[in-house]
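The structures considered in this document are given below.
Okay, so chain A shows up in both of these, paired with chain B first and chain C after.
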Partner chain A sequence: MKFDAVVIGGGKAGCEAASLLLDAGLKVCLVSAGLTMDAESTDPWAAVRAIARRGAVVLRGDTAVSADLKAETVLSVHTECLEEEPLEARLFILATGKYFSRGLLADMERIYEPVFGADVDYIPGRENWYDSDFSAPQPFLGFGVKTDAQGRVLIGGKTMKNLYATGDILAKGAQAASIEAIASEYAGK
Partner chain B sequence: MKVFDVIIVGGGITGAATARDCAMRGLSTLLIERSDICDGASGRNHGLLHSGARYAVTDKEGAEECIRENKILRRIASNCVEPTGGLFITLPGDSLEYQENFIKCCLEAGIEAEAISPKEALQMEPAVNPTLIGAVKVPDASVDPFRLTDANIIDAMRHGATILKFHTVTGFVRSGDRVCGVKVSKPGDIRSREFRARIVVLAAGIWTAGLAREAGINIGMLPSKGALIIFGHRVAGMVINRCRKPSNADILVPGDVVSVLGTTSDKVPFEGIDDMRATPEEVDLLLREGVSLVPALSHTRIIRAYAGVRPLVMADGDGDGRSVSRGIVVLDHETRDGVPGLITITGGKLTTCRLMAEMVTDAVCDKLGVKAVCETALRPLPGSGKAHKEEGEVPYFKRAAIGRHGTEVSRMDFDLGHEIICECEQVTRAEIRYAVKTLGVRNISDLRRHTRIGMGTCQGSFCIKKVAEVLAEELGQPLREKEFIDEYLQERWKGITPVIWGDSLREAEYMQRTHKDEI
Partner chain C sequence: MQESNISAGNLEQCLKCNLCTLVCPMMAVNGHYPGPKKAGPDGERYRLKDPQYYDYALKYCLNCKRCEVSCPSGVKIGDIIQSARLRYGGHNLRDWALANTDLVGSLASPFAPLVNGVLGLRPVKTLMHSWMGVDSHRTFPAYSARKFSSWMRKQDQSRFDKFVTFFHGCYVNYNYPQLGKDLVKLVNAAGYGVHLLEKEKCCGVALMSNSMGDRARRQGEINLASMRKAIAAGEDILTVSSTCTFTMRDEYPHVLGLENADVRPHLYLLSKWLYQKMERGEVKLKFRKDLHLKIAYHTACHMQKLGWRNYTLELLRKIPGVELVEMEQQCCGISGTFGFKKENYGYSQAIGGRLFDEIGAARVALGAQSDPGFVVCTECETCKWQIEMSTGVPVMNPVSILAMALE
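Presenting the complex of A and B:
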């Protein structure tokens, strides 16, 4: 399936991004596993449904699992349910959030981003991930993916040309993508 | 001023069982605990009722004590013990000759140990490592240490004992060399009170050494830290042990709906004994070893990790504290140190708590010239005995409480309090009220220990606000609600952080985002 843009993550950040991309007239696909922690809404699917009503293809309950890359460009993304049918697009937005929504995964040694293998800004050594005082700022809540000044995701230290990050998945201090600017740029292409 | 026959210092399982025995023998008894009942090592262990098999090879006497007491506790504390049975498995690389000798030693100690084939073992307990080459069935069981300690305390009180919680013993009242009482203070209160007794018994676990020093006595004790991990499922229905010389992480014990893996054994300095935490390194070690016992542990959700301190009495030339006998030690400080009126009970195990109490109470009675016989092995503890009877079907909101408190459920008022406050552990308002009124619960950690509130899979994330509100109401102290929430979250955090990866990290983020504004 071919789209202008694929947004991965149906939480607040992903839905806002999808909405702006639709405003610019782009053909959008939104993948949402449904693990948002939006405290303001009693209906976790409400925002995603609103995006679907506006004409986007919404893959509800599906999860992005891997991506095809060529040089510094993302070609397509594979999902759990559509393993045989990659989602191709010119633009990809990573908005999968942190740990609860499985945007970041952690094993005993490392923290990683599972779809693209994006560079994660974190301190190695589990004892450095937390503060033993519950009420103190927790280092792990500041970990996240690295981006360049335009909000483009880094993989292996290299800037990806068409992969942007927004929302909770960003490391503390990392630049979020300006979706409005990106949307008008891609709408003009 | 009232002079008690006996003052017991320490409200762990040893002190509680001793208070019960003393009170049952007609002694006027006062037990003083600086925190809540069961707050030290008694509440930080496997919850394993040893068959004695683990000690059969290295410590025959200890093994014999265990199997005798195992049988007694099954009888007198039926609501605290779950007769799961246990397996000792031999893995490739372990020695089958060891197993043969192990069985021989068990039988000599009176422990019914039966060799079964690996195939039978896997049928009995599908979770064990399928590569096992041998297995032995033994009468291990699971015991709830909180419940067992509570039952002893309740029984002591019903026999006239006085229980003073949240009071610290700061020194001794002396008359010449003799100890004739204790000085006591309350946190946040500079005034000191005195309680007098004809005999003072130290039953304070590892804290005994420091107390004895106040009386000018040196007891060589070794704080040995043991870390454990709780898994969110009952991975195995039986206690699983490794059939080899006792080592790290070689016991997995099912308890209610969870499993506990442990333990480590490391000598630690006395300075740290008030704030024991499991470290990430200990967790790594436990998991590495535990997975060879039960492979499913590698992908089973971990709830938390914790650590306790074994009170080992030091022997010469021992490094890590594991080969020290867990034998029971009664020290008569009159003959040992020339300090009459003071006796120490230490060593031992959770499984042998009743015997420890009997031995020290015998010593106390001897000093006091009291002839009463020990009856603790004959009379059931509160909650034990015949199963709690209900007419017709047991209502859903009572079932968990019956499991926890046995016949004590008849003291709970479900007419006004059957709403479920903690979903994971199915704790009702009626049970909270009972804990406040009967068990003297004063804060949220007390409540957790006595009812299992917030100990389940959500670790309080969902229910803690409601629990705090209800507890504050039942105590008639509505202003303490926020303090309860703070205390609870900090305490849970202590156990979550050593295992902060995978799903635990997901839950940690959830807990932080849901409750950060509470603090």
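Presenting the complex of A and C:
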């Protein structure tokens, strides 16, 4: 399936990004693996439904699992339900959040981003991830993906040309993508 | 230290966020149901300790899997509940008769006109309501005098050099052979011949939801063995029902413990298969330009869980002159045999109410109040019965719409 833009993550950041991309007239696919709480609504699907009503293809309950990359460009993303059917696009937005929404996963040795294998800014050594004083600032909450000055995601130290990150998945201090600027750039292409 | 998740259905991953409780259609209308979190991962911890903690209110679970679709932590809530019902649940004679769709179908089919007539009689309905507990509001889908499989065996498919195998399911075989004929028409137009499985049994979904796991497992083994033969001959397996497909792809391994990794990638709904063939340019179909249909698409629960609705929507959009609106993704309330049981009728209609209202509103919005060209489209046969009974709007499988649109 071909789109102008694929947004991965149906939380606040993903929905806001999808909305701005729709404003610019792009054909959008939003992958929303499960719900996120929305303080402004008692209807749990309200945010993604609003995106769907505006003409985006919303994959509810589907999870992005891998990506096809060529040099510094993302070609497509694969999901759990669509399996071999790729979601192809010119632009990809990563908005999968941190640990609760499984945008970042932690095992005993490392913290990683499971879809693209994006570079994660974190302190090695599990003992450095948390402070045993519960109310002290917890270092793991500042970990996240690395981006360049435009909010483009780094993989293996290299800047990806068409993959941007926004929302909670960003490392503390990392630059968020300006979706409005990207949207108008891609709408013009 | 345990370093990774080892629990069945990912129950350890549950963070108790209750998003599943929020989306559960049964929870919204039935105070006796403990809800997916409590019935699923929470209850499982108790049941593992002592089976006497099994709560009979788990029978209210629709197995719609909308809890799993909403879960941010990947917990297989529906699978946990379904597995518990298979392990600890029970059934009565009524449940047995409703669940054995295959057996009852083959008994009823030879006497179809008589059976259809008798089942429609008011006194019979009243008797079945009070004696058997089958709700008198419901009408059983009429049995067909001629089975689809008998018709299919008479069809000459020898002119083709490429084939698919069609898993027709009970509804096509015993009740509505026309849907199977529509699939044959479409697949033939795409340049493929149609074979049947060497042996086909009911997918087992009704057996599973009525706690008859052993029988479902035996039928599943027969289906998988036949499918392996077809796949070895280079054929994909096509279906028309979202529930049969979902059951055989995902419930077989997750709930029945049947290994199907080799079969799963070859098991398609017609719309997924056709979409992919058309996108790759392997199949070209010409659609009529004079088909002025107004379609309200309803996402059946298992279609939602499969995540394949976009294949159907994209195909329908290829038909010129079709106006398509998508209904909000919610349960229609029937859940297979669930809605046929008299104790569930009220819940069933309360759950479906919002969808029925939305279909009515869509009809007005499309300016089709008195338009015979207004239909609801869905891949599930029991949704069809429920929506037709509750709204009076005809419901069509996308396969039939596509076949009708062929030039």
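By our rule, the second predicted complex is superposed on the first by the 182 of 189 C-alpha atoms of A that agree within 3 Å, B and C clash if a C-alpha of one lies under 4 Å from a C-alpha of the other, contacts with A are read in each partner's own complex, and residues count from 1 in each chain.
Keep this in mind: a contact is a pair of C-beta atoms (placed from the backbone, for glycine too) under 8 Å apart; a residue touches a chain by one contact, two chains touch by 3 or more.
The shown structure was predicted, so the numbers you read here are calculated from the model rather than taken from an experiment.
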Touched partner set for A:M108, first chain B, second chain C, both or neither: both
Chain B versus chain C as contact partner of A:E85, first or second or both or neither: second
Chain A residues touched - chain C or chain B, whichever exceeds: C
Chain B versus chain C as contact partner of A:F100, first or second or both or neither: both
Where chain A meets both chain C and chain B, residue numbers: 37, 100, 102, 107-108
Footprint of chain A on chain B - complex, ascending: 277, 279-280, 284, 287, 486, 489-490, 492-494, 497, 500-502, 505-506, 508-510, 512-514, 516, 519
Chain A residues within the chain C interface of the complex: 1, 33-37, 44-45, 49, 52, 57, 59-63, 79-85, 100-102, 107-108
Touching residues on chain C, where the partner in the complex is chain A: 3-4, 15, 17, 19, 22-23, 68-74, 265, 276, 304-308, 310, 314, 326, 328-329
Of chain A, residues touching chain B in the complex: 37, 39, 98-100, 102, 105-108, 126-127, 129-130, 132-135, 138, 140-141
